[in-house]
Structure formats: structure tokens, C-alpha cells
């Protein structure tokens, strides 16, 4: 089950910690990775997070945006966010440079249950920017490779140019993570799969009883991933999905990110499929 | 800092009130002039800088053949085109002609109809060219206008709510005039932005900001009708300054038809 | 004369003079005293100095989408019921600044403005609103994150509750177990009996305030009469409610059948009734604004033209707006049907999952202040009605077997 | 210089609305002068027909964003006459206060953002602020106070919502008005300074024998009530307006002008006319300012209307202070109730830029059957052209650009509000396209 990170109570929950952009890396068109450093060394020292959690990044004048953390949770002092430039805040972020200040509140939300999945085979099924919140999970697996069985990454994007972290795939493969990639539209050099992520399940031979699924991406993709997994007799309680809603306060106080009984910001973003299955196929939920 | 964005202010058929809002932003006017280059604004300055402009604010509706052409030119000149006010956004009060025979109007007002060169309809700018953003209101709210300018200067989305006047009304603690006084009020279907002024003066909202998103004027109209309000009163209420806006127009037409 | 100290749980009697004295004592103790006042054609909470400001002799006629005041010589000080506001306005105000940031030399200084709220004593709070207060406490104070501003205001609240002697047709506190009797969470509770007030001491703080007031021990029958007020009202609400069953002509008393309501609603998320109510619903947000428990709030960035001075402002929000569920990919709840469903299922069902209580206290404000008089009890009954139809029962039985 | 010259301003700036100027010169002889209104027609009088009485002030406000109060006031008074109702003295006073707010905001706007730049050699108030920041800032603060007065009384500055036939929807609270006093006191002082400043301007020499027309009241400086009076001795109730003033086609113009009957002469409305006719009714402070201006009143030079506006601004501030100081309780009734019934009524009030006249007929159905509105700028249009004919020979020695600018400056003496003219002005749009109807 997802666990909440123990956090010391804060008397000023709305105050962001000041930080600075330490590095900006263009990943794919419209997506950048921002490395951040806290101004306060004590904060930098004590800050930790679990795979799957997110921060509220604050650009004064523009607002806050919930962005999942994409760095290695074990690597203290390093905090990265891979951001797709889409809304008000992220567009402003795109205009920032190394050294520019911003605010950080977090970490918030539930995590991929890496501890309780020890001993399992793991299928990570994600699409587009959805790989970003799973990268810390992959890092965790690499840090504890022997704790897990077979690990398969099924990843899809629109075109080959939209695939995140391609330079890391070989490293991952070296550490026995099977990486299967599909794109909607290939190009002249593309030799891989064409199609959507759920299709990557077709050739997969799973040991369903021992397999866990971690999925993040567009809701429609997650739906089909779950469908494929269930069709292969993966236990529903071993399927985890990361959901997205309008996370605005991140503390379950503002009410915006509700999904059925859940506040996605604090009960999620990572849910066990069982928790959210009844809301999955509903229009406008 | 990069060069200041160039701003142009245009006028079509209107009362000037919306562009006046910029001059009425007394606390911010000089600050606005510091952050944007007011390159074309006939009501305020004689000097004219040549286009193209980064931002064009358009006041007024399209009512002549010449203006149909002129708005296309304006569009070409402006990278980002914003309509300000009910006239530019919904056709304005001039759009009342859209329900009547304009020749009848002309002969009623003008002794020499042959001099009058006008279209049968008054239409919003967006029916002629692509509009990047619409600022509602009759008149627009100067705070929203300053927010719009600030947003454009800093490259963000203007914070302009699309919810109902009721939200503002309740926040400011005004007792609902529809529920507590039985006044036919358009607040529940009208977009916020004015600050919910009218109900705080014990009178109905008459729709200056046009229909809110997901407006349901039909339901509201039926409710007032059932409460005994004359249908033509409701038709007139919906046909003020945003009568041509889709949701108001549909509801007023339905109420008018029901009356016949 | 006065017995001075009255222990918690004891009853005593005061007249109107002592009610004035109570206000004076509260003021002297540093409280801002607020209570029901007649303003702008309604009874709303306002600053209260003199008991003459109380709406004595006024009744509120309430029904779906309608509220009218009426003078009645027989009516007492508190024979109106609830108005458009609730305590939410004072503890969780419709707008406040959460964070202020100033940029100097490329550095942002961010700080939360500290608030030092003046203590508030509220006079005339009803059972439903006390329950609503307890619910907001759970939401804003009960979780891992506490709203510091609410907490600061809440700590300094003194409550003089009042037992209702009358119910509006929109009231259904009895079916939500939230009234009409005031049962908990007050410092003092009043029951108006023959132009006197029987006072129940709820807390040591309440006892302390009464210490300086010239009260009398109540006569035996006064306590009985006071207790009869609420038992009678409850019985009356139930009987009116029974009489109004299926009888459109009878004066209606709202009632909400709460049995298995959680599952009832969550099993009917695709019920056609949501689409039907959306034809009438204006998605205007009034129900959420007047609801004493609704807590949704938007946090907006407010910036000056230079972008160097920035505030984060919180304002009441509503799940009926498009912005409420807006993500970069668009608004999740596009249709009015889905927004109404969100509101109702949250209020009556998923609230239980989140906070272990219903989000509804049966105050009826959402019915009265809905501009078109949509009635949540009717909506639930409609869903339950079709659920309980023979066909549905049969279908469920088949599924269960 | 060539014998045949034309000065042309395709789009007049720093005026409200859209107009053009065309002057044709043959030697020193003015052949043709035309103030062309090309603002499209908006048909207010037509769509007022069939509307409810209570909607009229809301609709007529939309004629003009700069002086909506004038439109609301003339309409309310005219309709009250048609209904045979009389408002209380308290309402009358509050209406005057509302008018003070409009005069302040409109006059200060015109003086410092639109007109003063002409005298000081700037193309706009905004660029004037570069060298005279303090003056512009002070003016903006004065203007803001006028707008705030409109907001307290009218709900908002542009298109106020609190004005209705019979009075106000809600009387302003005593405390809200009293709160304005310190600002108004400051404004009074600032207005004096402004009069002193604009009095030092250099005024072109253009003395005209104006027929000045304004509302005149025996005891008050004219705003809301009085007869229509003129310097030639006319003094008539507003009901007789149409017997003495008429819109006429002038041979040198494509537009119709209001003229005074029977001689068919153009006439002048606006602040200069008001001061010329009603100097005695100015407040003490305003008279003091007028005296300090060292301008001889009555004045025949409309360039000095900027000083007249300043004096009226002093007047408006002082009046506003007086009204608020004596406002001790909200009136028991904020408006007089009425039952719609057939009838006719007309009324004239004083917009910042001059007399404005409305006439209404209420039909048997209790709705508006007929409306006629005569705004100030249309009345001034003939006089503007006449002034130009007199002024052009004086500036003909300058090159075209300077001469054109001087003509434009002269037009701005009138604070012309073209937006509001158009709903009734006969409009010809001549851009070489075929003239079409409908």
C-alpha cells in the first residue's frame, strides 16, 4: 500500500522554500529537466522524497504547479523535475535560466510502494511525460536490483523524438531492465514498435501472480494498460496507477483534485487500481 | 529587459467607455505606460507609431462594411488581439438591431436614410477575425484590464474568471435579490468580473458581462416565468448589452416565441 | 440573588436584561459579538451591541429558491431559522492573503502574513451550524495539514447556541442527526421560554462568562419547557414530513433518507437523474457558497504590473465552476451534470470516506438559496426511488445471487 | 505657399469617438470646412422604443462612456415629468452630488490628459508626464476622486447602475460618503492650483461673438435643473426647446447642425457658456478661482474653456464637500415609486461638455413609445465649423502640419464627444465607396 512520508508538522504550510535552478536540460521538444538546489543548506540536507511523489513549484507572479520528482531518491542533494511546458507556470518556467530563483513546497503525495513490491516482477507501463514520475522508481530498482525479479519498462510516445531519457536506456538494460519502446508515428530510422503502450503487452509472457504493474500516462492509456494486465491475470491489487487532477494546495484542503473519495494530492497521486477502478470508466469524473 | 511590447487601442461602434477604462486606471496608468509602449491610442495620444503591434485592444462592434474590412487590417497588424467590452465581444447594445429591421431604425432616426451606410447587424469581432482573448463587460473592469496588460507583459494567462456573478455576490456577502426579494436577476447565468455591484444596490444583475461558461439562461428564464414574471420583461432583460451572445440569444428567442 | 457559579451541564434562567448583560460581558472580555440581524431583507450575522438589534418578532418563510421575512408579534428573538450565511464567513473568510512575496535584488522574500484575529462570540448559533462547525474542524484541523488561519480564528470562538423553536420547510436537520436540539460544542445554549431564556452551561468558559451575570436558578417547569421545545419541534418535523409524503399540497418538510446513502449514490454515478437535474441546474455555485461545510477554495496569484510584488490570495471556490477541475489538458468536469454529481456525491457520500461524517447537516440553505429551487433531498429521493423500484430490486437480487 | 491648400485630419485624436476634419483653403479664403463624423450610427432612439421605463437610464448611459450620468439624469428627469412624479429634495441633492463626480472626472480628464498637452506642446498627457509628472499625477488623483464619488453613489464610474427613474436603487451610506471628505478637501486645493496653472497658458487670439446657451437656475450653478437660457436673452422651460432650436442642413457640411431659431445661427454650449451665463451662481471658491485667473468673464475666447473647466472643477469639489457635510442620514425612501402610465416629458441637464436634452413619450402599454436625445457635441458642431472658418485664416501662414495641429487644438476646446453624437447625427460616410442603405 502507498505510504505517506512522515513529515514534521509545519505552521506555515503555504510558504515555499526558496530554491534556485542549478541546471536545465532540454529532453525532448517542449520538455525540460530542471535541477533545483535549496538556498538553505539545512533544507538541502534534510530534504528527502519517495518515488512517485511531487513538489509544488512556485514562480511568484505565475503561481504554483504540481510537478512530479524525477531524480534518484537516494541521491541526496539532487532534486530534478522533468517538466512539459503546457500551462501558465510551466511556460514561465521555460523562460527561466540557470541561477533563477523559485519556490518549492513538498514533497507531497503517495509513492510507488517499492518496499512492499520486493520480490515481484515489475512491469512499468507509461506514456509520454508519464515516465518522469517513474524514473525515481527505476532508480530505486537499480539501487536495489536484487530485491526485484524481472523488470520490464513498456514505454510509448508520439514519435521517436518524444521519448524521454533515451540516453539512459542502455544503462538500464545493462542492469537487466527490459526496455520496450513504441511510438505512434515512426520515422525513417525507427526500427522499434509502432503503436500504443498496451500493445506492448501482446508479446509479453508474464508470471501474473508475481507481477506488479506501475503505470502513469494519459488516463486513456492507463485504462488500456490495466485492461491488458487484468486480461493476463495480473492481480488487481498489484496494479498501481498515478493519477492527475487539479492539484492546487497539495494538502487536501482546497478540494480541487477530488476523484471520488480521494484527494489526488494526498491520497494519490499513486493509487492501487482497486481504489480507483470504479471511477475509471466514468465520463467527466 | 526586452523591448516594451507595443500596444494599440482600436475603436469600432461603441461608447468609448472601455478604452476610457485604461485612462480611468488612475493608479496604474503611468505604470502601464512604463511597461508597454502605447503605440496607437487615438483617444489618449496624437502620436502614432507604425504597426505591427504586439497587442491590439479592440473596442466596439462591427456595423459597417468598411469596418468589416478594417478589422481584418487590424488583425494583420496585431500579434495578439484582445476584444474589450460587450460591443467587441458580443455585438453590444447596437446588436439589438439584429432582432429588428434596420431600415426601420434608419428611417425612424434619420431624415436622410440615403446617407446611412450600415449593416443589418452589429456583430462581435470574433465573427470576423480570430480573437486571442476576450475581456467581457459593459464596461470592462479596469482591474481586469490592468491584469490583462500585466499578464501580456509577463507572458501569462490573464486571470479572468468565467464563473457566475453569484460567486462574487456571495463572497461579498450580498443577500441574493432573486431569492430574498423576488427580483428577476441574471446573476446566476452572467459571468463574474464586475464585482457583483448591482445586487449590492438591491437591484437585478442585467448581464453586463454576458453569459458565464455553461450558462443555462433557459432554466433561469423558465423559473422566473413560473414565478410570474412577464416573459417580455425577461426577453428585454436578456437583450441588453450581450443579447447577441449565444446563450442569452437562445433563451430570449425561446421566451419571445413562447409569448406569441 | 445570583448563585454565581453554575457548573457545566447545569441550567439557569435569564431575562432579556441579562441577555444584554451577557453581550456586555462578552464585549468586556474582548470578544467581537455577532449575531442575527435584519439586514438587506434577510437575517444575517452582524455585529451586535444591543439586544434591540436582534430580529425579535421576525419569521423567515423559506422554500426552494425563496426567502421572505414576515413580521409576527408572537415571534420571539430567535424564531427565525438560518439565513444565507453561516459561521464559515467568519472562520474561513471568502477571501484572504496566504502568502506575500517581494523581489529584491533578484531574491524572493516569501512570507505568510500573520493573523491575530479578534476573538468572536457568536450569539444564536443553531444545532445544524454547530454540527457544520464540527465538520469544518475535521476538514481544516483534523488532517495531517492544518489551516493555520482557520485554527487561529477557531481557537478564539465563543459560542452562544440557541435551540430552534421552529423549523422552515427546507430544514431537515432531524434526518441528518444534526438537530434540532443543540447537543454539543457550545459554551452556552439558550432556549427561549416565555420571553425568558433557559441557559445551559456547556463549558467552563461558558460558566466563567455567566459568573458576572445576574441569573436565576430556573424553575423546575422552565427546564421541562425548554426541553420540550426541542423534543416537540423534532416530533413536529417528523409528523409534517410524514404528512407531506406523496402529498404535493401539504406543507412540505424536507427529509433525507440517509440509509446506505453512501453506496446508493456511488452505485448510481451514471443515473439519468444527473442529466435531468442538469437541465435545471445553473451551475452558478450558490449552493456551495451558502453551504456551511463546503470548503473548496481557489488560490490565486495577484501581481502588480512590475511583477515584483506578489500575493497568493485564497477565495471561496465552487465545484460548479470550470476552473475547479481545470488541468492543462482541459476541464475534467465539463458538463453541469458531472459538476452536480460531484457536489452531491461528495456532500453525502465521499465526505464519509474522507472525514468519517456526512458533509450535510440538513440546514436547507442550498435549497432556499438555489435561484431555481433545486432540492437535494428530492434528487436523492429520485435516485433512491428508481433504485427501490421493483425492477431494480430484482436486478440487484439477481446480481447478488 | 500654393493658393489651394487643404488641412486634413483623418482621425481626430484626444477626443471621444471618431471624427475627421477637412479644411479647403483658396489663398487666405476658406472654401470649405467640414467636421466629419464617421463614427457608425448606433440607433439608441430606435431601440429605446418598446423598453421599460426603468431600463432607460441603463440604456442611455451606454451612449457615452465619458458622461453617462448626463444621459441618465436627463432621461430620469424627463421620464419623471412624463409620469408626473416629483423626487424628494434629498434625492435631488444626491443627484447633484453624482453630477459633481462626473464633472470632476470628465473635466480633469479633458484638461490634463487631452487638452493641456496642446498648450504645453506635447502629443499626449502620457508624454507630458515625462516632464510634468507631478502635475499629471495630481490630475490623475483628482480624476480618481471624481470617479470614486461616482462609484460610491452610482456603483461604478462608467455606466453607473444605481440611478433610476424616481431616485436611486439604494441611498449611499452616510459613512461611505463621509469617508470621501479628506480626499475632496485635498481635491479642492488641487483644483485651485490647476486653475492657476492653466490660467498661465498662452491662449490664441480668437474672439467670437458666441450665442452661449446653457441651463440656468435662479439659485444654483446649472447641473440638473433650470430653464434653457442664452446670451441673447432667451429663457425658456425645456419643454419649449424644440421651438427655439432645430437641426438643420448647412450648405458647407454634410452633417446636420443644431441651430438657434429664428436666425438659424450656430450656438455654443459647454463650460464657457455656463460661466458666461451663470457666473453669479458659482460657489464662493469657484468665484475666487475665476477672479485669480485674471480672465475677464464673460469670455469670448473658447480656448479659455480649459480655465472654465478648472473653475467648474473647483465648484464641483466645493459643492460635493458641502453636500456631504450636510448629509446626516440616509433618506427614508431612496426613490419615489411610480406606476407606468402614458405621458410625455422632456428635460435638459448640463453634461460636462454642455447642454443635453431628452424627450420621451410613454405609450399606453407603459413602455417607451418615442425617444429623442440631443447631446452637446451635435449642438456645438455648427459652432466648431464656424470657429474654424474664423481661425483658419489666422493660422494659414504656418506650414500645413502646424496649421492642421492648431485646428485640431481648436476643436479640442469643445471637448467634443463624437461617440454620443452619432446616434442622432445624420451621417455620411464618404470614402469613395458607393453609398448604401442597410
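Going in written order, the chains are labelled A, B, C and D, and every chain counts its residues from 1.
As a working rule, a contact is a pair of C-beta atoms (placed from the backbone, for glycine too) under 8 Å apart; a residue touches a chain by one contact, two chains touch by 3 or more.
Fair warning: this is a prediction, and the values are worked out from it, not measured in the lab.
Chemist: Ranking chain pairs by how many C-beta pairs touch, which one is first?
Modeler: Here the largest contact count links B-D.
Chemist: Roughly how far is chain B from chain C, going centre to centre by Cα mean, in whole Å?
Modeler: Chain B and chain C have C-alpha centres separated by 37 Å.
Chemist: Between chain C and chain D, what is the separation of their C-alpha centroids in Å?
Modeler: 52
Chemist: Could you grab the centroid distance between chain A and chain C? Build each centroid from C-alpha atoms only and quote it in angstrom.
Modeler: Between these chains, centre-to-centre, one finds 40 Å.
Chemist: Roughly how far is chain B from chain D, going centre to centre by Cα mean, in whole Å?
Modeler: Spacing between the chain centres: roughly 25 Å.
Chemist: Residues of chain D that touch two or more other chains: which are they?
Modeler: none
Chemist: Can you list every residue of chain A that touches 2 or more other chains, as numbers and ranges?
Modeler: Residues 61-62, 87 of chain A each touch two or more of the other chains.
Chemist: Identify all positions of chain B at which a residue touches two or more other chains, and write them in rising order.
Modeler: 154, 202
Chemist: Chain pairs that touch, all of them, please.
Modeler: Those chain pairs satisfying the definition are A-B, A-C, B-C, B-D.
Chemist: Show which residues of chain B lie in contact with chain D when the two form their complex.
Modeler: Listed in rising order, the residues are 11-21, 23-24, 26-27, 29-30, 33, 38, 42-47, 63-67, 92-94, 96-97, 100, 102-106, 108-120, 138-139, 194, 197-198, 200-203, 206, 208, 233, 236, 240-241.
Chemist: Can you tell me which positions in chain D touch chain B when the two form their complex?
Modeler: Residue list for chain D touching chain B: 11-18, 39-47, 49, 51-52, 55, 58-59, 62-66, 68, 105, 109, 113-114, 117, 123-127, 129, 133, 136-137, 140-141, 143-144, 147, 155-159, 161-162, 164, 168-170, 254, 256, 405, 408, 417, 419-420, 423-424, 426-429, 431, 433, 435-438.
Chemist: Any idea which chain B residues touch chain A in the complex?
Modeler: 154-157
Chemist: Which residues of chain A touch chain C in the complex?
Modeler: Touching chain C from chain A are residues 4, 7, 9-16, 18, 58, 60-64, 86-87, 90, 101-103, 244-246, 248-249, 251-256, 258, 260-261, 263, 266, 278-279, 282-285.
Chemist: Quick one: in the complex, what on chain A touches chain B?
Modeler: Residues 61-62, 87-88, 91-92, 95.
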